[in-house]
């Protein structure tokens, strides 16, 4: 049994994230999807609560017929000591063997702690990035094609774009 | 869609917990199982890490053929302001409607916040209690029958009883 | 202009506290009443929120015709470093010159920091103590005479005794 | 009895703040004035301690003959979870019904929690803004007319501008 | 180069501690002496500040002609997650290879993280224990022989016993 | 006996720091070297752990034949209340009388608390600054001459520049 780890903030969950998850699930038996910065919400860079992000991800993966038996959805609160962060993640998760990601900084920390790491090229590049998608929402440009259908309809249901616009208005 | 919430420390997950979960799943479409005091571990009263408790619960529910589509496993870090705690739980979870539990204190907080609450009589009473099970482990009495089979074998695999005994030895 | 400081948890505000305040107000121009452990509430030893304690005190002092010009009501969150605590209080309050209290531990800290301190003998002794009053509430004995009238009626209005009993029931 | 809430950092308290308070006091019986970011001080953007801000506000309102019976001055420490923040404020204050402010972000949080909110147009716009006043202080331009007389003389008494300049010098 | 680690609260530093340090220094090139619970002070169980404990230890070791080149004195603030604690210690200290102690709980954590551990039998047993020494101070019994001379005279200089008695008087 | 205090982040320890230490040691009997922001590491602005910084400094001072009897190396964790910070430092250190530094902000805090302060002109100016040295490392320019020899070889041994480059790559 081989388990992978993939951590993101998922503000919001987009097709780049989904790509990494599908790719990882070809290589591991189970994937831990860690929701980072769980305590941040109702901010321009972090509009959604942890609970909302959990829902987005679960609905997007259901839509893709990915069985919940194949993944773990685990919130990871921030701590402000990077060296200790790997150990913090270990205490919250079942054991894992390989870490997926596009952020070299995070991968470096896990690599220095002895984990196998896999840099995923496409993730975070270009349009499939949370920052870009929030920018499109703020500019009232189309953003829906960059996220899974289930995520787009979830964000509409909770009036996520209106929330983001209100937050942004007051700096 | 009706969602329930059931929070425990699950040190360890036992048959009393399983009873509540099965009962709740007859009444709601989905149940959120909140892992409380996530940051406590390697203590006499909290021997298992959050990651270990997640594994115990998932394996016990798999053994019972309870589909992971029916429940959410969500770690809930402690905060030390009870009034604010309900809101803290809300920020971490998808929306819920009814709260199950044996602890009147917790139920009171959710009730005062407007939630429906259901006190579950059997839970925590008598032998099906984490405290009693840890006591049996410490006294080298049989404890295995009080937890699901999957939990007993998981605890053996990670040498949980040996860990508890070592911790207890040093005051 | 001479200012005094008097810090308590006020769980609940009782006649012993009122006695100290009246005594201090004969000696100083203004008194700072610090509400300690602001973040604790809905616990057996800390049943009331900070907001509720602020209301109790203000209503009790209004009943005594003590002008709000004479006192400051300032919440003081706990920090867990006693040496630093004096400085923490200073950062939250206007300057003060003399510290009133019954707790020698607290007075010692302020005295070591150079403040004049006044130990108030009667305060906290015997029946005029928060612990004793909460005990009476839990034992369903009369407790009303130990607190100002305004506090007794406030506690009844918010169903404070029922809350305390519910909290206590669940250990 | 109708109570309002108005939260600011008050670095320093200025005439824009005073305007909101007077306006609110025409509509409510009592106003809670919440001092935000209580723990920040001796910083370029937060030069004054909580205790100093409490003094400024009390002296400015006394100057305006606003009775302390009409308002509550309550420090509100920061927490870094916006969703939970409303509940945090509730735990620290007496109950309130309407929230005044110029910051749409804050108002959104209270509105989503079910409170009536009132956006106050003039507040924070143009010259009546803490940022602008601190900038004038740093540039050695006149700033006194933007704050109540009592605040100007308080800041002079504590050598607030000199403090700000020293802090700013070392980046 | 082989480095050892020895962590204690040192409330106060006593001859049992000194025994462990001397023993360890026969086996390693350098010893890290970690001061635990750095933030606790002015409490019955933690009367001395971190700064005072650093002084005690340095003076006791100077008295023994132990060169400061042979040891590191490093304060270790508490964190409340035992699993993560080992990593927290690693981030604060130079690399170490063997952990000395009398507390099996602590040793277990380091052992599970892959360190060599050495249980030191005599340490903490019987009279050479901080708890016993504080008890003697509180009972006004002789305590001086249980600590190095330099520590006894340091405690007298700062009036440590008087402080402990005052703290103990108030609850 | 006169003791000085000098606090820095030492990311990394450079010749400007060494200059201040040598200068101070001419004026005081002992110098406390406080390592600030102990919890920050593996960041672009804070690449080294506290443990690594302790090693750098000790090795650099050994190289200069500065006896460890003359200085104390004490980690100072951040707290986010400047006013309280002086008291926090006092609780962690032996008593001191004069504070050395180049940062007027920090010196102001100690001065307001009654300490003698000495602004050290050269420190932090121009090339002898942590920011400049990290910039050179990132630009693959020579940085070694700005730090003591022992520090340069320590950073090479732990592959510090490679770490910084990896961290910087991922924003």
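The chains carry the letters A, B, C, D, E and F, assigned in the order they are written, with residues numbered from 1 in each.
Everything that follows uses one rule, which is that a contact is a pair of C-beta atoms (placed from the backbone, for glycine too) under 8 Å apart; a residue touches a chain by one contact, two chains touch by 3 or more.
The shown structure was predicted, so the numbers you read here are calculated from the model rather than taken from an experiment.
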Each chain counted as touching chain B and chain F at once: A, C, D, E
Partner chains that chain A and chain F have in common: D, E
Far-end chain from chain B, centres as C-alpha averages: F
Chain centre separation in whole Å, for chain C relative to chain A (CA means): 46
Chain A-chain B separation of Cα centroids, rounded to whole Å: 26
Chain A residues counted as touching two or more neighbouring chains: 39, 41, 49, 81, 83, 90-91
Touching pairs among all chains present in the structure: A-B, A-D, A-E, A-F, B-C, B-D, B-E, C-D, C-E, C-F, D-F, E-F
Complex interface listing, chain C residues touching chain F: 81, 83-84, 86-88, 90-91
Chain C to chain B touching residues, read off their complex: 39-43, 49, 163, 166-167, 169-171
Footprint of chain B on chain A - complex, ascending: 38-39, 41, 49-52, 54-55, 58, 62, 67-69, 72-75, 77, 90-95
Chain E partner contacts - residues on chain C that touch it in the complex: 80-83, 102-106, 108-109
